[in-house]
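Structure first, commentary second.
Per-chain residue numbering starts at 1, and chain names A, B, C and D are given in the order in which the chains are listed.
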Amino acid sequence: MTKTSVAIVGATGYTGVEILKILLRHPRVQVTSLTAKVEGTIRIQDEFPELKGTVAMDCSAVNVDEVCRKAEIVFLSLPHTVSMQFAPAFLQAGKKVIDLSADYRFSRPEEYEKWYGAPHTDPEGLSRAVYGLPELFREKVKKARLVANPGCFPTGAILGIYPAARAGLLASPEAIVDAKTGVTGAGRKASLPLLFPEVNENFKAYNLATHKHTPEIASILGAALGREMTIEFAPHLLPVNRGILSTIYLKLAAPTTEEEVIGIYQRQYGNEPFIRVYSKGSLPQLKEAAGTNDCLIGIAVNPRTRNLIVVAVIDNLLKGAAGQAVQNMNIMQGWGETEGFR
Amino acid sequence: MTKTSVAIVGATGYTGVEILKILLRHPRVQVTSLTAKVEGTIRIQDEFPELKGTVAMDCSAVNVDEVCRKAEIVFLSLPHTVSMQFAPAFLQAGKKVIDLSADYRFSRPEEYEKWYGAPHTDPEGLSRAVYGLPELFREKVKKARLVANPGCFPTGAILGIYPAARAGLLASPEAIVDAKTGVTGAGRKASLPLLFPEVNENFKAYNLATHKHTPEIASILGAALGREMTIEFAPHLLPVNRGILSTIYLKLAAPTTEEEVIGIYQRQYGNEPFIRVYSKGSLPQLKEAAGTNDCLIGIAVNPRTRNLIVVAVIDNLLKGAAGQAVQNMNIMQGWGETEGFR
Amino acid sequence: MTKTSVAIVGATGYTGVEILKILLRHPRVQVTSLTAKVEGTIRIQDEFPELKGTVAMDCSAVNVDEVCRKAEIVFLSLPHTVSMQFAPAFLQAGKKVIDLSADYRFSRPEEYEKWYGAPHTDPEGLSRAVYGLPELFREKVKKARLVANPGCFPTGAILGIYPAARAGLLASPEAIVDAKTGVTGAGRKASLPLLFPEVNENFKAYNLATHKHTPEIASILGAALGREMTIEFAPHLLPVNRGILSTIYLKLAAPTTEEEVIGIYQRQYGNEPFIRVYSKGSLPQLKEAAGTNDCLIGIAVNPRTRNLIVVAVIDNLLKGAAGQAVQNMNIMQGWGETEGFR
Amino acid sequence: MTKTSVAIVGATGYTGVEILKILLRHPRVQVTSLTAKVEGTIRIQDEFPELKGTVAMDCSAVNVDEVCRKAEIVFLSLPHTVSMQFAPAFLQAGKKVIDLSADYRFSRPEEYEKWYGAPHTDPEGLSRAVYGLPELFREKVKKARLVANPGCFPTGAILGIYPAARAGLLASPEAIVDAKTGVTGAGRKASLPLLFPEVNENFKAYNLATHKHTPEIASILGAALGREMTIEFAPHLLPVNRGILSTIYLKLAAPTTEEEVIGIYQRQYGNEPFIRVYSKGSLPQLKEAAGTNDCLIGIAVNPRTRNLIVVAVIDNLLKGAAGQAVQNMNIMQGWGETEGFR
């Protein structure tokens, strides 16, 4: 079997190295290029010693022509506004691009500009990009050349809200998403508030009412449902390395049992290889998703308040970033969706 | 100055030892009796080596007569249903009792029985007990002989909701309390789910829609406001030792600014020695309350959704238990409310 | 390819479930029996929800005849003194047995009895058992029917000391092993000192001068080297889930450079699939071994004190227990030694 | 009572703020000046929100004249090489100076220059400075105008070794100090290796054979004992916020019991307000020192190896830095040594 050549642009972040780790186990690809914002050339196993013995590759500053010569598929694991500087060249060279930044997640450039505070420099790319949440948009991903990989928070939130909203269970289009994330979600950058003594034995809410993932959740749900939703998104920082647990509050239109709601979710996601809906009385915990590409969903109904509470758990670096990116690659290439994972 | 003698019944739990630590620094009291469910007699400093050098006291099984001979004030740090077996005898002997269990928190025995699944064996005590949340019921606490010390979750939730509800800001009587607690909140008992490897690098929701603190929050707010509130209470377990952060979602009746809401909270709590309302743009973090008897309150308003989000933080062992118990003692005795703390 | 049937006796501990997880990925085996000290029959995925979706197996109390009918290879993941109650029957039935307790690690029953305080009830098994540290005893493991899988602490300590001692580098037969272990090393049992609040933000030495792994390290090194060694073994408890880092202090007989020592270790272990000797100036960290079956070794030489310091790191549940057990199975069966791992 | 005015130069680090917290509770001093390397003027309670409600002070860049006008005692909580730029001016202005850097810890400038790689620019100050370990040098501290506050690692190591060495128990002048520190020991600076995900669930040795605290331990012990000692110092990084536990290995000259050794340590430190020697069979744990200015010492003797193992535990920010600095101030001023602590 000839292996497909793959490049990772931005290989020294938590997400970039996670893509690398999955691809090293993937039977159909060969990683042929690692680049990042580095001085000169480093050996990736010096930066991440756990790679020693499994990989011996150099990583240097990105050179678009060289990446194009070496690879057919390009993962962009770059900060917002940087991705859209690189994506057009790779697309023009005929490469398939999976972008993990927010740059191609919005259909309208104005919305991007409003929330990210920067002009969008590649509206053409934006118009071609497909939002890579396979459980909602698999058919579009199959044909995409540019996939906008979803944000970590939106992945769990959207998958947790969609079935109830689609089934017409809700009394209102409002959802409260109280999300708690591990620290790798903030990226790998030297920063006082991310030092161990600041995070350990601590917990905090941040960016209430203003977090940039809010419009992503709302607009993607709107596109999938064909109607607007109003999202209150409240992120919190957990003293753990990995994982996001979102507790989602929805108001039921009519009395509904837990069994009925669980049935609706199970029918929605019954064939999904990476979603597990928990049975009655059982809720997913953070560690049950850690290290997997799964989204775990638990359901509670409070008949007294008529609230539906959905608990959605993912590993922020896998289903929330690198894992979903590889899942998207598998779909774009027509490969088995779970290849590289099991 | 003659010191007042104090007994701690249930001294070997996380809360009991915390009461002891505060009282050791308290200028007006002398701890004269430590008892707990132990075999024979232990030395408390063997159980909690951090006490070595500061205390040398024995702790043995509770003997009511002996405790009555030794102490004028009795703290009951006992499990639910056990407290009400002991409280009547101490009251009859003329002691002031501060009970940290749930046994005396409800005005109606039926509510206790419904949520705690056990008959209430001391309805007379129940009718005399005062709910010891000083910020709402200080005048009653002053005259109380039996104080029901609030639960850890209800303390932050009630203090976070009350000013907005009282000021008529809310569109509905509904509140969602998404609470996250450190592990000492579960008490000090050998239990598989509380082992380090089960909690560390993990996070979970539990008892959704059914937690026993739900009716406590609702009934106390109802009593203070003179009207019913509906509470959705969702507790989560954090991998930290101490602290509770509650994120509270309320719907505003009319557009209101953050400044206006903060002003209302600051006026409500302006003279409170143990409440700090944060200024605009600043939210309290868990570690800022750890080790203190303070309740920290932060306010965010989302004009897009018209939600008011209140973040309330306490140390579950202090303002959520032992600290508030000592604060209540100070009030019952007519002492300075902050004595023993600063 | 016909798969070999395997049983895990003691499947509900941290080690037992780890064996299961490796075997589920192993191409040559089929797990056909899970047993443990349980009431009735449980589903293993209810006990360990991370298994949901990958396994659906029952686990019930051990019945020797039934295990013998179902499996050709038996892993015993049982407490000390319990293993030797079961091993004889499985051996008699012609099964290959890999025992993870200490019951078969000593050549002389008296030594076992002295340190474990219990009579040895299967001296015949003891005389046939092979100590399953492949890097020292691979040829014997190939022919073994009963393998005594090494203790977690001895694995790193022995692998860290052996090359220097064998090469005659040492001035004396003494070694100090200052070892630090994650909490899963203590097993999965409800116990006050292993509660999250007791371990978190804490660190302690324990069993100084008396830990039962001391004679195991000394006697195995003695057998491999043909001469006695004196071991000071000092274990400590780390607030992490997994991993052991041992800092080993040895006195050099003559001035020796780091390069020379590293060369000796690399020659000793050059062909070992599961050992990585770090290059000069680089020391292994705990997380670099976590999740792998590797033993990582770093070397520092202090010319001022003439001390050789060896840092040896393993994952206590893998190379320190379950992983090494599967490695031993692979060797016993004549399979590729890394099958199931990569 | 007139309060003595005190300045903290370097108030925004973990140590600086810890000095501030102790002094806020100290009955005899008034903090009159906070300075640090900051742009413009910040409010210290904005940097450390846990100070809100207890202090309202500005912090700006250091101006020596202004500090001299405001304060009689100056704490220098500055990086190495920076302290000696400031100390001379404060001394010349007649202030008492307590320096927490390494700049004044060595008697010979050459030793400083060898290990710190920088020329010493204040040899005169060096000759006047007193090493501020009260348990060994209390009489000198009483008369000092410039105190060199000990390093965090040397404090526990020296206090742990000194009694055994002084009593002539040791077979050789060699000591191995295997030390494990919490992360605040590294200071409060943005740095990739100190990020939460790098430290959490990890553990590592660092600077083996080369750490700069090695000569401090050796030279101070040499000065106190009147003979040289050889120190192997091996620091490790723990995933906790606070505390240092040092496991110290010493070889006994003759068979000695634990009781005998404990007796020697208790006689040495019997009157010390901040040292607690544990009784036979009991070892100090990290959390037992956290939040205190105590040094806790536990003793184990291994008759088989004739090793004496001393476990010494301190809070690195208190007895290892800020607490000991205040203790030194109390001694220099002739105040009660425990004032501000209890």
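Here, a residue touches a chain if its C-beta (ideal position, glycine included) is under 8 Å from a C-beta of that chain, and two chains touch if they have at least 3 such contacts.
Because the structure is predicted, anything quoted here is derived from the model rather than measured.
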| item | value |
| --- | --- |
| Fewest hops from chain A to chain C - one hop per pair of touching chains | 1 |
| Pair joined by the larger number of C-beta contacts - B-D, A-B | A-B |
| Gap in Å, rounded to a whole number, between the CA centres of chain B and chain A | 39 |
| Interchain centroid distance [CA atoms averaged], chain B/chain C, Å | 46 |
| Gap in Å, rounded to a whole number, between the CA centres of chain D and chain B | 38 |
| Interface hub residues of chain A, defined as touching at least two other chains | 200-201, 239-241, 284-285, 287 |
| Sites on chain D touched by chain C in the complex | 174, 176, 178, 180, 201-206, 208-209, 230-232, 234, 236, 238-243, 245, 247, 249, 283-287, 290, 298, 300-302, 304-305, 307, 309, 311 |
| Chain A contact footprint on chain D (complex, rising order) | 14, 182-184, 188-192, 194-201, 239-241 |
| Residue ranges of chain C touching chain A (in the complex, touch as defined) | 49-50, 52-53, 200-201, 276, 282, 284-285, 287-288, 292, 294 |
